[in-house]
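Across the two complexes that follow, chain A remains constant while its partner is chain B and subsequently chain C.
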Partner chain A sequence: MSIKSLDPRITRENLPEEPDSKPLENIHHWQTYEVFHQTKKGDRHIHVGSLHAPNQEMAVILAKEQYSRRDKCVNLWVVKTADIFSSGYENEDIFETTPEKTYREAGGYKVMDKINKFKKERKQQSN
Partner chain B sequence: MYGGGYIFEETKNGSPENEDSRKLEIFEARIAAGEKIEPTDWMPAEYRKQLIRMIEQHAHSEIIGALPEGTWITRAPGFRRKLALMAKVQDEVGHAQLLYSAAETLGKTREDMINDLITGKSKYSNVFNYPAVTWADTAIIAWLIDAGAIINQVANSKGSYGPYCRALERICVEESFHLKYGHDNVVFLATGTPKQREMVQDALNRWWPPIMHFFGPSDKISVHTETLMRWKVKMASNDDMRQKFLDMYVPKIWELGLTIPDPLLKKNEETGQWEYTEPDWQEFKRVINGDGPCNKERLAVRRRAEEKGEWVRLALLRSEEKYTVPLS
Partner chain C sequence: MKEFNELNDKKTTAIKDLLYRLADDQLILGHRNSEWTGLGPILEEDIAFSSMAQDKLGQSQALYQLLHQIGEDDPDTIAFTRKVNEYKCCHLVEYPIGEYNFSLMRHFLFDMSEAIRFNMLGSSSFEPLAKISKKFKGELKYHTMHAVTWINQLGHGSGNSPAKIQASLDECFPLALGIFEPSGYEDILIGEKIFFGEKELQEKWLEAVIPVLKNANLKIPDIKNIKASYGGRKGIHTEYLKPLIDEMTEVYKIDTKAEW
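== the complex of A and B ==
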């Protein structure tokens, strides 16, 4: 007995009523790629997710299907997951250096007070 | 789309008591603080196990959920509807891909998940074991089943596991199109000819019991459920999600002059809770364990697709390439 479906295409497949309960033979997985997406020329690429693909060209084709079905996209990058070297969250403390970093920031330099004071003094001296 | 009512299994050897208490404390504190857990972070074995089970069931539900609607693509009434239905079905398969990747980051390979699906070892949402008898069934599915899925997915997207949350955020954006598309189809039929109204009413009658089953039976309040909720694996109780669904959609069904086949359904104004005929949980159990109208067909179709695609996957495989677990 084969499966009778509401969908004639499925009925025509002659699928067995009792599906084989044997697992399929495990073939090796395709490589995984990480996908980066650019929404506008000139913008940076942003990581959007990963996918399985047998090679770079197929990865781009599948990335287009998976990550740019409707969002605007002008360019895709694919990178083999294996080629990404990460700093690792277990080493998160490498980013903890000195807590006070205003010496690295524009906002850490405020000179107007001094200039104004200086100008005021100069003015008083010249009077 | 997805199905609710995940099957969480109570397991003995994975209990958190066997975990390093210091690590467990840090892990729980991070979750309580709203941080996301990432694939390379330490996590309790039980957390990993339940997440794999949940995300995998979700992925299977997307891929099997594409079948009842997919059946109608060739017979869609009109070109625009055909385009829209193809887009929706493609989205659902795309959702499965995103979710399989998220589950893979936890250490179960995609082939193992597909194998567990086609041998009947893994579950998927029970609603997809019912057939889409007419075009109107696809309208009800796209509107109300997807509506249920959205309630579930929005809740889960605030969970604790980073890759799952990120996948759900992408998915939820697309689901809003499914919902609108489904509603549009239902409204078209409900405001159409008497024959069209009859079709959509019939479809609603057929789908109401599976819709009430959708979020699963009331959760047992157990230590196990509490742990899953504390770990933000389970984000809302099945009953709360069902109430939310009824609150949002019953009025929208009634405003179209459609009737819901449950004489007891009403909102108790005092408690603010919906009252309804208790869904037939025996039937739910029976169907989820394989004895529904379409279980065999769904698995057979999925299996045939895997078998037919195998030569393509093999032909493109380069033996020197090594599989790597996705990064995030």
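== the complex of A and C ==
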């Protein structure tokens, strides 16, 4: 008996109802590439995802339909995932900073007093 | 004045015949290629091939719309209700999808012809067609880039890839030559500068596909000794077209007045 499906493409393949399934582990997988998408010439390329491809030419061809068929795109970059060097989550703590360093932030500088003083002085001068 | 009208009628008939040939090729191949949706060899390729199949349907719709503007029925009616022998598609697009190498080779040979054809039609004296043809340019460029990359990949592949893609080339070639079956209107189309004609298109196509095939290490079929698969342009089709049309129109025919 072969599979009878509502999908005529499946039915006409005459597939056995009990497939002779083999383990998938020996199937060769292509490497992955990371895809970067640019919406306007001069803008930065933004990472949009990854895909499988055997080489960079195929990666670009496949990336076009995966990642830019809906949004405007002027250029795509692909980079082998293996070529990405990362800081690593084990070092996530390097991004933590002591919270009390207001001098490293623009908001840490109170300048409104000086600005108001300057404005007042100029007003007096022009009077 | 009578002569002028007669010429005009002949010209309109020639344009309609051309548009039907182009649109039917795209509709039928678009439908065929969409049969890979969900069954493609890998997810990424499945999405790319399905998306290109949708491009084909969109392009055929634009051409059916143009036919409607010059007096034919609305696009859905002409796409879905004609008799099999009223379709003007070539045999290449009718064949079942086969194995993926067959579908890829057909996609390569057909879309290379389309890219050249619509580039030529970009300067057609029939302005609405020239305008539409220019709009197809980007999609067709991607389709041929995709096809050329794959053919090159498989031609240089390991294992049985080169032998399989060579076998598909040998199988597809007589069918592909059928794309260029001359219509009964070649003289008027060329004379009126509507289209350069199938003969010139075939020459340009050979100039374009042969270097790609050679580059992919494939053996070029002996063109002089191949019989082109003609008949499609005259409504004589392979046994594969009718089941395709029955399946394609199955839902439409349940309720032809339904609003989608």
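Miscellaneous remarks
Everything that follows uses one rule, which is that the second predicted complex is superposed on the first by the 74 of 127 C-alpha atoms of A that agree within 3 Å, B and C clash if a C-alpha of one lies under 4 Å from a C-alpha of the other, contacts with A are read in each partner's own complex, and residues count from 1 in each chain.
Convention: a residue touches a chain if its C-beta (ideal position, glycine included) is under 8 Å from a C-beta of that chain, and two chains touch if they have at least 3 such contacts.
In this text the structure is predicted, and so the values were computed from the model without any measurement.
Contacts of A:S21 after superposition: chain B is touched, whereas chain C is not reached.
After overlaying the two complexes on the shared chain, residue contacts for A:G49 are found with chain B alone; chain C is out of touch. In the superposition on chain A, A:E65 makes contact with both chain B and chain C. Once chain A of one complex is fitted onto chain A of the other, the partner contacts of A:E121 are absent, as it touches neither chain B nor chain C. After overlaying the two complexes on the shared chain, residue contacts for A:E57 are found with chain C alone; chain B is out of touch.
In the superposition on chain A, A:L6 contacts chain B only, with no contact to chain C. Of the two partner chains placed around the shared chain by superposition, chain B is the only one that A:E34 touches, whereas chain C remains out of contact.
In the superposed model, more residues of chain A are touched by B than by the other of chain B and chain C.
Annotation: chain A residues 9, 30, 51-52, 54-55, 58, 65-66, 69 touch chain B in one complex and chain C in the other. Contacts from chain B toward chain A in the complex involve residues 38, 40-41, 71, 74, 87, 90-91, 94, 97-98, 101, 104, 109-112, 114-115, 118-120, 131-133, 166-167, 170, 174, 296-297, 299-301, 303-304, 306-307, 310, 313-314, 316-319, 321-328. On chain A, the positions that touch chain C within their shared complex are 8-9, 30, 51-55, 57-58, 61-62, 64-66, 69.
Put simply, chain C touches chain A in their complex at residues 35, 39, 42-45, 47-48, 51-52, 142, 145-146, 149-150, 152-153, 247.
Residues 3, 5-7, 9-10, 13, 15-24, 26-32, 34, 47-52, 54-55, 58, 65-66, 69-70, 80-82, 84, 86, 88-90 of chain A are the ones that touch chain B when the two sit in their complex.
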